[in-house]
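Please read the structure below before turning to the comments.
Going in written order, the chains are labelled A, B, C and D, and every chain counts its residues from 1.
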Amino acid sequence: MTPGNLRLLIDCPDHRGLVAAVSNFIALHRGNILASDQFVSPSHGGRFFLRMVIEGQGFGLVDRGEFDAAFAPLARQHGMTWRVSLTDQPKRTALLVSRQGHCLVDLLWRYEEGELDAEIPIVVSNHDTLRPKVEAHGIRFIHLPIDPTDKAAQEAAILQLFDEHRIELAVLARYMQILSPGFLDACPCPVINIHHSFLPAFVGAHPYRQAHARGVKIIGATAHYVTAELDAGPIIHQDVAHVSHRDTVNDLVRIGREVERRVLAQAVRWHLEDRILIDGNRTVVFA
Amino acid sequence: MTPGNLRLLIDCPDHRGLVAAVSNFIALHRGNILASDQFVSPSHGGRFFLRMVIEGQGFGLVDRGEFDAAFAPLARQHGMTWRVSLTDQPKRTALLVSRQGHCLVDLLWRYEEGELDAEIPIVVSNHDTLRPKVEAHGIRFIHLPIDPTDKAAQEAAILQLFDEHRIELAVLARYMQILSPGFLDACPCPVINIHHSFLPAFVGAHPYRQAHARGVKIIGATAHYVTAELDAGPIIHQDVAHVSHRDTVNDLVRIGREVERRVLAQAVRWHLEDRILIDGNRTVVFA
Amino acid sequence: MTPGNLRLLIDCPDHRGLVAAVSNFIALHRGNILASDQFVSPSHGGRFFLRMVIEGQGFGLVDRGEFDAAFAPLARQHGMTWRVSLTDQPKRTALLVSRQGHCLVDLLWRYEEGELDAEIPIVVSNHDTLRPKVEAHGIRFIHLPIDPTDKAAQEAAILQLFDEHRIELAVLARYMQILSPGFLDACPCPVINIHHSFLPAFVGAHPYRQAHARGVKIIGATAHYVTAELDAGPIIHQDVAHVSHRDTVNDLVRIGREVERRVLAQAVRWHLEDRILIDGNRTVVFA
Amino acid sequence: MTPGNLRLLIDCPDHRGLVAAVSNFIALHRGNILASDQFVSPSHGGRFFLRMVIEGQGFGLVDRGEFDAAFAPLARQHGMTWRVSLTDQPKRTALLVSRQGHCLVDLLWRYEEGELDAEIPIVVSNHDTLRPKVEAHGIRFIHLPIDPTDKAAQEAAILQLFDEHRIELAVLARYMQILSPGFLDACPCPVINIHHSFLPAFVGAHPYRQAHARGVKIIGATAHYVTAELDAGPIIHQDVAHVSHRDTVNDLVRIGREVERRVLAQAVRWHLEDRILIDGNRTVVFA
């Protein structure tokens, strides 16, 4: 069987010879570099970000453990943070939803079409509404209602599911609940959220109502990693749609659905293909 | 000589028969309706907005005074606010600039190409920098420096210029000064500003620096009518451009210039063609 | 029960007094005009197009037959073609599909969300592939395979289904078959197609392959009414997406799916809301 | 004085170790890689394209002759075509115009703002119309009218100017003349043209008239390298604007001007920053 390709993400202080060091390491193990992107961020006195895709076929280090062991000395020498992933091991992804189905339906359709490099074992929801949509795709739907007097219990149940299913990415596909700092601390994987406004405009609840009241001529959506501060995590992707005085709040909601699903799908796709690195509160996206 | 066409803008409480009443009035005076747009806003229990273009040729009321006299009884009956303008009387427009020329150069170029239905007798600036650009177009450039201990004096001088030149529209083409409430009260005409962000995000100073710090993936520009509250007046037009982690603050400034000049030109163009009505803090734009 | 509103579409030679005549007619029958759009096309020496939405509540002619009878004399006098439809009588719409599901899934999802002012009784296909997607929405799926030696038989079967189900609009949601002139002549309703290119570029088969070979930097999709000449009918809507040298033909197909479904949905939505009039081989779209 | 940075463009058959070989060469000469982009095209059995920016400061080969001499053996070994340019040696660029000034004015304004990494010694035109616009920027304007009975004479004069001024890039900023194959053969530099349509739609004359007649809902512009076949050279950049039934041919011309100048400026900018490589009749753009 042909092995998958490897995606290598590196992040370290910038200095001369980094590309040579990494590409020599790869050449030494007879690897072929299929794609390479680099970026030097001015933050922290110069920080180097690299993404390489190495052809698995013919490469001497197609096992993740072997790669890590062989790469560690080089990484230590240059102060590198790195991670490597294999294109034949799609990330195990959990979707969290509430009652609105547009982002969910879109992600599941793309999943079925093979657009998403993921394995989706579970969809979790605080409502039972979207069960049929999920089960039609042969995916397990888990209803975890929230007890307002004990929200922590539901979050603990989610964490346990993530653990059981070895979840590597959680996607809030209009989940509508604020995750507690405790949950985020304990969560074993990154969490991507779609916020239905052009952040940082209209943080918080009812952004379309806020947008209509302000009389904006464009509405937007923002996909970002979730951090403890509400709607303030690193932004992955944003897009917008033009609106006019004729559009009511309901029209904004309808038009916004189109933008939200597109923006979320793009962000998730990029994450699944290891195209995103974190640079402080900003993202480096090798699109 | 063929008379110009008339643009009629009406704003009144909504009720039955308004279109019939207005179109009968026009038909009675042998007018031909070339274009008509209407909108009923849900605000204030239903408010009716209408824009009609009436062919001047053959119309019995091509003089503005005559039109107003004839139309007044009908307007009174329906509680209408109205204004009529003539397409052969382009609005007398003043541009206010500071040191950055991109919006100015763009507006002057469009003016020369005949894209703007305006007469621009003066450009006013608190710096002398852009004088050659303006004078190359044969337009009078007036340098009114600001004395920080007496800003009111400069504003008074601007108002006097507006009065002398019978200015009907003022455009802040990156003027970079906050006009005082006193100035706005006394100003005889609407003032359009271009703000270099996607309002309401990044109100105030240095929006591109703010945008870069937040790590947004889209930057924008907003053209709006100026009111006493900073960057809070009715929005006329907005547009955006995608940016990436590679873009520095300077890149955002450069990319933003492109968006700013386009958004401002469009807003000015719409205003000059009487396509904008005010609905509270929102605009109705019959584009 | 509150009656639905009426949408009136008119098309006639342009002359003075048309708006007055129509709005008087409506006022005479105590109608309230909720929205009105007009356009005078320079074609054929001036052609007048009008769309009005009249509030059903309180209007004296909410029955289509009654309206037509009352309106006919006025229409005759001005040489008007007109049609009136009721917002509480959504158009009966048939979808025709082949094996690709993206446009179908998107239309069905919007239908379920209430975004489409339609009643969809049947989906017809020359393949059985998409049956489960359709039946999951409780809609009848009819498989009509094509016998290459007798294509006319399948087309006749489609026409019979249209007749049985009183179909008022047919949508080719990537149907991939060219309908014969005979079918189009006999078809009782307009047919909307989505072509997967920016027409008139890349007419015919494999537009994404053609686009890739030409090295274009943008791909597009075009929704149009079907006429006997291939891909040459009146264009309703077009949109595009940027692509780069990195995108393979398969990437173009994937990116294109997003554009296709959006463009088709918009065109169908506009048709269902009676926002489209035909002006020769062009469309007037009162969006 | 700090030396400029180097931009290295490489194009060769793909195989293992190319990145390592190049980055070792740079490390050997104590160079720091500021940016690196690579692409493997499937054309011709795999072709490798690379753009690297090397910091001049500290690099051992900041002279172009020295670099070439040192790099040649490596290049020969891998069958590389390469070129290197210095960021402190902006490309000498000639603009060719006719009577329409929008692209010219925009390029000159960007040039003045420092947006274009160019040196523009001359503007050549077959009409004298735009002389004042050019001379206002202190640039030499050369009027070379075309004798319809001897077009070759004018082309020869242009070539002589290019030679005298050591022109490295020619930009047809709406030049409106078809350059002969003989001219293109003899021309010492690439030629970028802006075509006022979304190629390959509406090749040739009067694209806006063609677009209006077809009733398209989007118009576009295309910047491409000029080759002997009309409007068929490698496409660099394209963009579009939405239009409606209300837009006359003149409106399309006006809206198109905005798109044309933006698309041309972007293409020229990319070329000047050595971001474009040619892959058959396609371009690789490291934007």
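A few notes on this one:
The definition used in the following text is that a contact is a pair of C-beta atoms (placed from the backbone, for glycine too) under 8 Å apart; a residue touches a chain by one contact, two chains touch by 3 or more.
Only a predicted model underlies this, so the values are computations on that prediction, with no experimental measurement involved.
Simply put, of B-C and A-B, more C-beta pairs touch at A-B. Across the assembly, the mean Cα position most removed from that of chain B is the one of A.
Note on chain placement: the centre of chain B and the centre of chain C lie 37 Å apart, centres being C-alpha means.
Rounded to a whole number, the gap between the C-alpha centres of chain A and chain B is 42 angstrom. Residues of chain B found to touch two or more other chains are 39. On the chain B side of its complex with chain A, the touching residues are 39, 41-42, 198-202, 214-218, 220, 234-240, 244-246, 248, 279, 281-285, 287. Residue ranges of chain A in contact with chain D, taken from their complex: 15-20, 23-24, 26-27, 30-40, 58. Residue ranges on chain C touching chain A, taken from their complex, read 101-102, 105, 109, 113, 115, 132, 136, 254, 257-258, 262.
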